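Have a look at these structures, which come just after this line.
Presented sequentially are two complexes of subunit A, the first with subunit B as partner and the second with subunit C.
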Partner chain A sequence: MIRVAFKILLHDTAKYLALVMGIAFATLLISQQSAIFHSVMESSVRDIIDVTEADIWVMKPSVETVDQPDQMAELTVNRVRSTAGVEWAVAYYQAVAQLRTSTGQTKSVSLIGVDDSSLVGAPPTMLLGSLSDLRRPDAVIMDAAGFASIFPGTAPRTGDIVEIGQRRAEIVGISHTGPSWTGLPRVHTRRSLAVEFARETLNPVTYVLARSARGGSPEEVASVITQNTGLLAHSRAGFKARSQEWVLNYSGVAENFGITILMGVVIGVAIVGQTFYMFSVENLRQFAALKAIGVSNGRILGMISSQALFVSVVGYCLGIGVASLFFAVFSPQLTGGLRGMFMDPVIFVGTGVFIVFVTLLSCVISVRRVLTVDPAVVFRS
Partner chain B sequence: MHGVVCHQVAIEFSTGAGPIRVLKGVDFEAPAGQLTMLVGPSGCGKTTLISIIAGLLRGATGSVRVFGEEVTKLSGADLVPFRLANIGFIFQQYNLLSGLNAAENAAIPLVASGMPWPAALRRAGTLLSKLGLDQHLDKLPRQLSGGQQQRVAIARALVHEPRLLLCDEPTAALDGKSGQAVMGLLRELAVHPDRTAIVVTHDPRVYTYADRVAHMEDGLLTKVEDGTSAAHAGAH
Partner chain C sequence: MLIKFGIPILAAVAIGFGAATTIILKPEDRLTTPPNPPASTTLGTDTVAGLGEFQSPGEPIAVGSPVSGVVKAVRVVTGDTVRRGQPLFEIDDREALAELNLKRQTLAAAEARVRRLKAGTRPEDLPPARARVEAASVATERTEDLLSRAQSLEATGAMSREEIRIRSFAHRVAKAELIEAQSVLARLEAGSWAPDIDIAERERDQARAEVQQVETELDRLVVRAPADATVLRTDVREGEFVQAGESLRPPIVLARAGGLEVRVQVDEEDASRVRPGAPAEGFVRGRERVKVELEFLRIEPRVVPKTSITGSTTERVDTRVLFVVYRVVGSPEQVYVGQKLDVFIRAG
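== the complex of A and B ==
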């Protein structure tokens, strides 16, 4: 009888398309907005994501999110190094500094000072130049999007001389990274140079990046560091979660995206539910005829469920296809706010499960009319 | 052998103006191997009676036996397979599934009984050919005339060889010529020693196809006569 169900469904082309389009639209809205929300949340912890070598971040207890560091003395690095379970620890520095071009244009930049000797904390992807160029005097690496905002209309290149904190700096490399929460150009340099650019009188660090010894759990080692030093230590995942929690609590981003995603859900449920209901009601007489002939309610439920499952899968594939195309076009771009945005597999699968669930729920609601229809209605003209 | 035996069948419906007794104790018999017509004015209870016989309408008092099975005693769950196995329906409005072609529509009772589609379509096609529709097997209902649609409905009603055939005003939506043709085919294919056919109609022109004509009026069976007599009486 599944074949009969599909014939009934596909015969009414207009309603079939309305159902599929409704589901596709809901899928697109939910998956795309969820993915952008997820990507925005990832951008709020860009520094943590980009530093792949360290699995522990050590900071002052007052720090709530990665973009609001508090300075510590350089000596702190040694205290972390001496903690049991730590394989290595290096200094990391973050600040906002003023950059001036040769034409006099100024711009705030996010300054990141990586470990002078190991270069731990350097950008993971280089478009031009190499990380080792950072060892050259006055060397900085700028991200492509930042370069485009400082030198509009200029293709990414190395060799430009700029001033940062009234000190000479040479762009020796161009990196590629996703957008950050602040949106400022990201300038990586050695920490010793970064504190000069930031015109620090002392030699501070903002974070100590550490690696747990082989076999040790980052969470457990971080806990030991916290106990021994009086500082706050988090595993990489833990600090990411803490920073994102702060963003969720104070930025309003969750509410904004939540409303859009909720709208997608409501619109999707409304369109799918109403169209499916109308579809079922308009075919009521046909279903009543089947019931009169001797087709059981269970088989009719199976027929309508297979119709719902089919349209939900087709609509989902269409919607997720358009959403994927969106990210395929925008994600690889070097500049623009959508660069680096992506759809997490959990969103890909989760949206599918949700859409199928909602469609089947709509089907159950609409099928009640079909299941309770008096088959004797077929005797009425 | 009596295919259908109804004894003192009564039913009432609740309305805003109070209960209405639609059937008031009907005694009705439809022998196997014959075509019995149930006739009478609109609202006399004909369709209600066949709905009760089919097990589509419940809550009636009295006894309804279909080939020995007491229909009023069957549960809702038991009635579904009972109808599928034993009853064929022909409706006034055909009630064909709009997305299925003629052969697929006719094959539905077989498929619902578990027969694979290819075998069901072959059997439905053979029956439709007997009904003169061999050139129209692939056509959708909207591509067929009213008479052709009703012939598809006849095929659907008979394809699984039911023991009871219930027809509700099968010619009401057809012109006179098509109606006569449909009744001729129905008579030819439906009447079988092991089958009872009951046709509800108020068209006296088709009484001639009946073996027996049972007259109903105001919820009661008033008269039973043979088809020829009824046709003569109807003509005058």
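== the complex of A and C ==
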């Protein structure tokens, strides 16, 4: 009987293709938009993602999102260091500073000051130069995308001298990282230098980065720090979640992507449902004939379900393949807003489950006519 | 045929590609270990962390100059080890030398005066004086003789009363002249008068004291090390003018000899957790994280506004700190005064 079902399905090539393509398109829309949404949300906490050494972030209680820090006194580091369960703690500083090239062009850059001696907070991926070059005088590391925006048409290279905050800076390394929420070029340097680049009069830190002692949970240590110091401490994951929550609350990004993803779902359901309905209706005579020769309704439902399953799986595979092709092409780029975008495996699998579920549901709805068809219809006309 | 098998095969290829891409592109989200991990304590879980700085025992000595003047010579360079009393630099001494010369001449004159007084009468003065006594004595004898002869004739009336009186007066004058000559001789024979010698000696002593005063002033022009020490900084060169008194830019800074100390800044919030005698350890900042053993010295019993110890002269105050001072145990190599270190103090 399954063979018969496939014969019916493949009999009309155009309709078969329309079904597969419709499902593939819906898959593409849903998976790609979800993945981009997820990637953009990851970009909004780029600073947290790029610090791979620390699992605790300590800040002023007023901080809501990683991009809007409040300054603290330098000695705060020692207060965090004094807390039980903290393996180590270092200072971290961010600011927006003015960069000026030798040709006089100015640009705002996102300045990141990492701990002077341990370099905790330094960029995780280096394209040119090495992290130890940061110890040289006036040394900064710039990300490849930022370099391309400041020096258009120039291949990434080291050795350029720029001015940041009217102070000499030498680009000693090129790093690579995904896009950030602000889109500003990212400049990493030692904190002592960063404070000067940002023309600070005090010697502030914006975050204290800490690592929980082996065996301790970062969440527990963070709550101890919060209790003991009167500051606010989050685990890495907790701070990511809090920052992303803030972004979702104060920007339209969730609604924007939500609508697109919903459209994908609606279009998917509509195409699949409608095509299937038409398909079933047009094959009504065949099903009626089957019923006439005594095939039960259950059998027919099984046949139609297997058709739907087959079509949805094939369509999903094609759709997810195209979506992956998109990421495979754009993600490895060094510059551009799509660099570093990726599809989370949850989205990859989840889209499949959703598409198959929706297709089966719509086929069940559209199959009602087949089940109620009178076998006599075969003999009419 | 193409549709029948082509599409499922294409779908299989697509899902395989998709799965591979998803796995490859997914960023790794894993905690990494920093290449040069920050210092962490070995003193247990309950510690107070502070920022420390190496310092010489006590405080650095900013050596000043007692007098203003142009520098004549600098005797040390940065890094020298000096003994107590060793000259550090000298100030132009020409004026003082000239004055010393003058005072020495005055002293010499005073001394000469004393010598002359002590030497007494010139021997050449005595014979004339004796001769004068002899002459006066002879004259007295003669007038006495004349008088006595006249007196013997008085009764006879051979000589007038007036003549006798004249001879009597002449004899008295001669006697008085003899006494004068005798007393002149006696003074010459006695030599100098003791009070005169005393005055001259005092004048000499005064001149000597003045010489010593100028010598002291000369000595003050040489600035010396107040203690055994190492020269931390020399900020003075020959020909420069140094001001007496306190200076923002001391000419020479010394570090007292002896083991290094570590001055630890503890946030006022943590101040109550530091107990006197609490064990501590430090980690020198930098590429090689040298561990330094510390021994408690003292807690400075006041909380002061924190000054940034970045070495800048402009003070940056952002919080208040307690200072705890530790002594460095042993002599770790390649650590210097002013170097910073992360210190952990056992709390409770």
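Here is the rule we go by: the second predicted complex is superposed on the first by the 380 of 381 C-alpha atoms of A that agree within 3 Å, B and C clash if a C-alpha of one lies under 4 Å from a C-alpha of the other, contacts with A are read in each partner's own complex, and residues count from 1 in each chain.
The rule is simple: contacts are C-beta pairs under 8 Å (C-beta built on N, C-alpha and C of every residue); 3 or more make two chains touch, one makes a residue touch a chain.
The structure presented is a predicted model; accordingly, all values stated were derived computationally and were not measured.
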| item | value |
| --- | --- |
| Which superposed partner A:52 touches (first subunit B, second subunit C, both, neither) | second |
| Comparison of subunit B and subunit C by subunit A residues contacted | C |
| Which of subunit B and subunit C A:12 touches, first, second, both or neither | first |
| Which superposed partner A:146 touches (first subunit B, second subunit C, both, neither) | neither |
| First, second, both or neither for A:123, with subunit B first and subunit C second | neither |
| Contacts of A:3 with subunit B and subunit C, given as first, second, both or neither | first |
| Which of subunit B and subunit C A:156 touches, first, second, both or neither | neither |
| Which superposed partner A:268 touches (first subunit B, second subunit C, both, neither) | neither |
| Intersection of subunit A interface sets (partners subunit B, subunit C) | 10 |
| Subunit C - residues contacting subunit A, complex | 3-4, 7-8, 10-15, 17-19, 21-23, 25-27, 29-40, 45-51, 265-267, 269-270, 273, 285-287, 289, 306, 308, 310, 316, 318-319, 321, 342, 344, 347 |
| Residue ranges of subunit A in contact with subunit C within the complex | 10, 13, 16-17, 20, 49, 52-53, 55, 73-79, 81-82, 84-85, 87-90, 115-120, 124, 131-132, 135, 178, 192, 201-204, 211, 213, 229, 236, 313-318, 320-325, 327-328, 331, 340, 342-345, 348 |
| Subunit B-facing residues of subunit A, complex | 1, 3-4, 7-12, 285-286, 288-297, 299, 374-376, 378-381 |
| Subunit A contact footprint on subunit B (complex, rising order) | 47, 50-51, 54, 56-57, 77, 80-85, 87, 89, 91-93, 95, 97-100, 104, 108-109, 111-112, 117, 140, 156, 168-169, 172-173 |
